[in-house]
Amino acid sequence: MNTRLDEFEAYRLRMNDRVMEANHLGIKRFFNLDSKAYEDGALPASTKELLGLAASAVLRCNDCIDYHLIQCTKAGFTDEELYEALNVALIVGGSIVIPHLRHAFETIDLLRDRESG
Amino acid sequence: MNTRLDEFEAYRLRMNDRVMEANHLGIKRFFNLDSKAYEDGALPASTKELLGLAASAVLRCNDCIDYHLIQCTKAGFTDEELYEALNVALIVGGSIVIPHLRHAFETIDLLRDRESG
Amino acid sequence: MNTRLDEFEAYRLRMNDRVMEANHLGIKRFFNLDSKAYEDGALPASTKELLGLAASAVLRCNDCIDYHLIQCTKAGFTDEELYEALNVALIVGGSIVIPHLRHAFETIDLLRDRESG
Amino acid sequence: MNTRLDEFEAYRLRMNDRVMEANHLGIKRFFNLDSKAYEDGALPASTKELLGLAASAVLRCNDCIDYHLIQCTKAGFTDEELYEALNVALIVGGSIVIPHLRHAFETIDLLRDRESG
Amino acid sequence: MNTRLDEFEAYRLRMNDRVMEANHLGIKRFFNLDSKAYEDGALPASTKELLGLAASAVLRCNDCIDYHLIQCTKAGFTDEELYEALNVALIVGGSIVIPHLRHAFETIDLLRDRESG
Amino acid sequence: MNTRLDEFEAYRLRMNDRVMEANHLGIKRFFNLDSKAYEDGALPASTKELLGLAASAVLRCNDCIDYHLIQCTKAGFTDEELYEALNVALIVGGSIVIPHLRHAFETIDLLRDRESG
């Protein structure tokens, strides 16, 4: 069962809707720019998701890590590839990243469970 | 002329030697692990350098940005690809990254000058 | 019902009392200085609370965001004004702030519910 | 004489032009959103510049502090008001902000010299 | 009863095992280096744990604070000594550290309860 | 010759005087609290300086690192002890700390030159 991930996705969706509903032009445009930053371009979308994952890990944001791991597994990265990206984040960001590494490994396992669900 | 880059590389080399000379086992092992994190593995070395660049940009470290840009240009990334990686860092990290974006663009230009030198 | 906010406020109050009880002179003085920083002075208290909110948002601290939102709504700021302050924080701090933006919007809604009792 | 500020502004202008010239749509849109975030809206532009200053100070970015101090003095804030905003940043961000406080006070003095120039 | 601490320790142990099981050489070596950094050397292990505590507090990581508090109480530090170390972290890191100070005081109390358990 | 350290100390002294001269009560009290945090208490002053050094290193502030290294060498710490403290900071904070490690090693050498001056 994927309670933690399901709850995260439901909350994220509900509150993003709430934020959009507030109709603040700047915030709406930022959310739009944010989506576009991960589309195919000079770099493929998959590489950009991996960059988003590494950036989220060194900045130590579990929600952002979960979001990018969801995207990265959809993009087809293997566990070994995700571990490698997380290792770069661990080296750059240090042991303070370790609690988020534990979280990330748990999320990867939950995502694989869901896939094989 | 590439004074800024040349000075950075000379200082980096000189002080890394000084740090190694101190012969602290933990620090030496960390430097070794740091090098290994960017070698070919489940992900190619070039992708890892791009991850290092994005992580360095969101953590706002000019020396780290310069180091990874040197490696990224050696790995063959085009300007457009580097701009895309920096754009992801800008979106993730916000306007506080802009001074480092300016620095990164200047470094890219210096590296291209050196290549065509 | 405002369970999340009520729990935050109860925990905050109880643990602040615990910290004060430890009677560490430096910590007590810091708490005192912290309170005074948001009093009317050359800038009105309300503006300072808004500064506290923006600083808390870019530093990504949900408890601090909640505390300053409580103070900001007491000071009479409208939702639109709070969204504007949060938009500045979003631009400065980037998408890594988004999970805290979701949290802040939820807190604003909880605070308005509480007001309308 | 204002060498430090003049050099900062010249470099900032030159490199912003360079970044725009690269013509990356995402980066250009971000720069545009960034400008718009500080325009009059539910909050006056001057308050937003003060928020930008406090956010820049707690995130410890001298270039960003200088930019927002330039805007804040144009908006008419007095020295006392700027010190109050910086004091909030100091309390929120701690002694690690002090080197940037020193820098900010120097910049305020340089800006007042220029005004009275 | 020590539910919060027990849960943290069980989760930490379980997920560290999971991370080790993934068998990524870089990550395993990092975990090993991390352990060694706190062993007796030119500085005693106890002083290094106190450094780990202060570093964790200014970087605002509750899991890391809890881990180092467990080690620090094992090393024999008194409450007064731990408050002093946390006060340094509070001054260096500012009021954004306060939520973590509350957490740390609660953890210290839980650890003392367990000792006297 | 110690130009870099001399310039840092002269600038620090001059600008601290300037900040005090502005006579902002909150800022003055913060500076006072900051000094007191490193005085002998339940922990000796020397240990607190070492905590200040580690905190400054993981927060990546060269001026703060230099200040605490000056205090730490006055307190009698050997090079090996300082390297150990910096190694803890490197492990906690990761490779993003390396540019500051280089700076710290250079500062230690400058301080030893000055001592043997």
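Every chain is named by a letter (A, B, C, D, E and F) in the order it is written, and numbering of its residues begins at 1.
Just so we're on the same page, contacts are C-beta pairs under 8 Å (C-beta built on N, C-alpha and C of every residue); 3 or more make two chains touch, one makes a residue touch a chain.
Because the structure is predicted, anything quoted here is derived from the model rather than measured.
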item	value
Co-neighbours of chain D and chain A - touch as defined	B, C, E, F
Minimal step count in the chain contact network, chain A to chain F	1
Label of the chain whose CA centroid is most distant from the centroid of chain E	D
Self-contact between copies chain C and chain E, residue sets same or different by half	different
Angle (degrees, nearest 5) of the CA superposition of chain C onto chain F	180
Distance from the mean Cα position of chain B to that of chain A, given in whole angstrom	23
Between chain C and chain B, distance of the C-alpha-averaged centres to the nearest whole Å	37
Rounded Å distance, chain B centre to chain D centre (Cα mean)	27
Residues within chain A bordering two or more other chains	26, 30, 33-34, 37, 55-56, 58-59, 64, 80, 83-84, 87, 90-93, 95-96
Chain contact graph, described as a line, ring, star, complete graph or other shape	complete
Footprint of chain F on chain B - complex, ascending	11-12, 15-16, 18-19, 22, 24, 26-27, 30-31, 34, 55-56, 59, 61, 63-64
In the complex with chain E, residue positions of chain A that touch it	60, 79-80, 83-84, 86-87, 90-91, 95-96, 98-99, 101-103, 105-106, 109
Chain E residues touching chain F - in the complex, by the definition given at the top	33-34, 37-38, 41-43, 47-48, 50-52, 54-59, 64, 78, 80-81, 83-85, 87-89, 91-93
Residue ranges of chain B touching chain C (in the complex, touch as defined)	58, 90-97
List of chain C residues in touch with chain F within their complex	26, 29-30, 33, 36-37
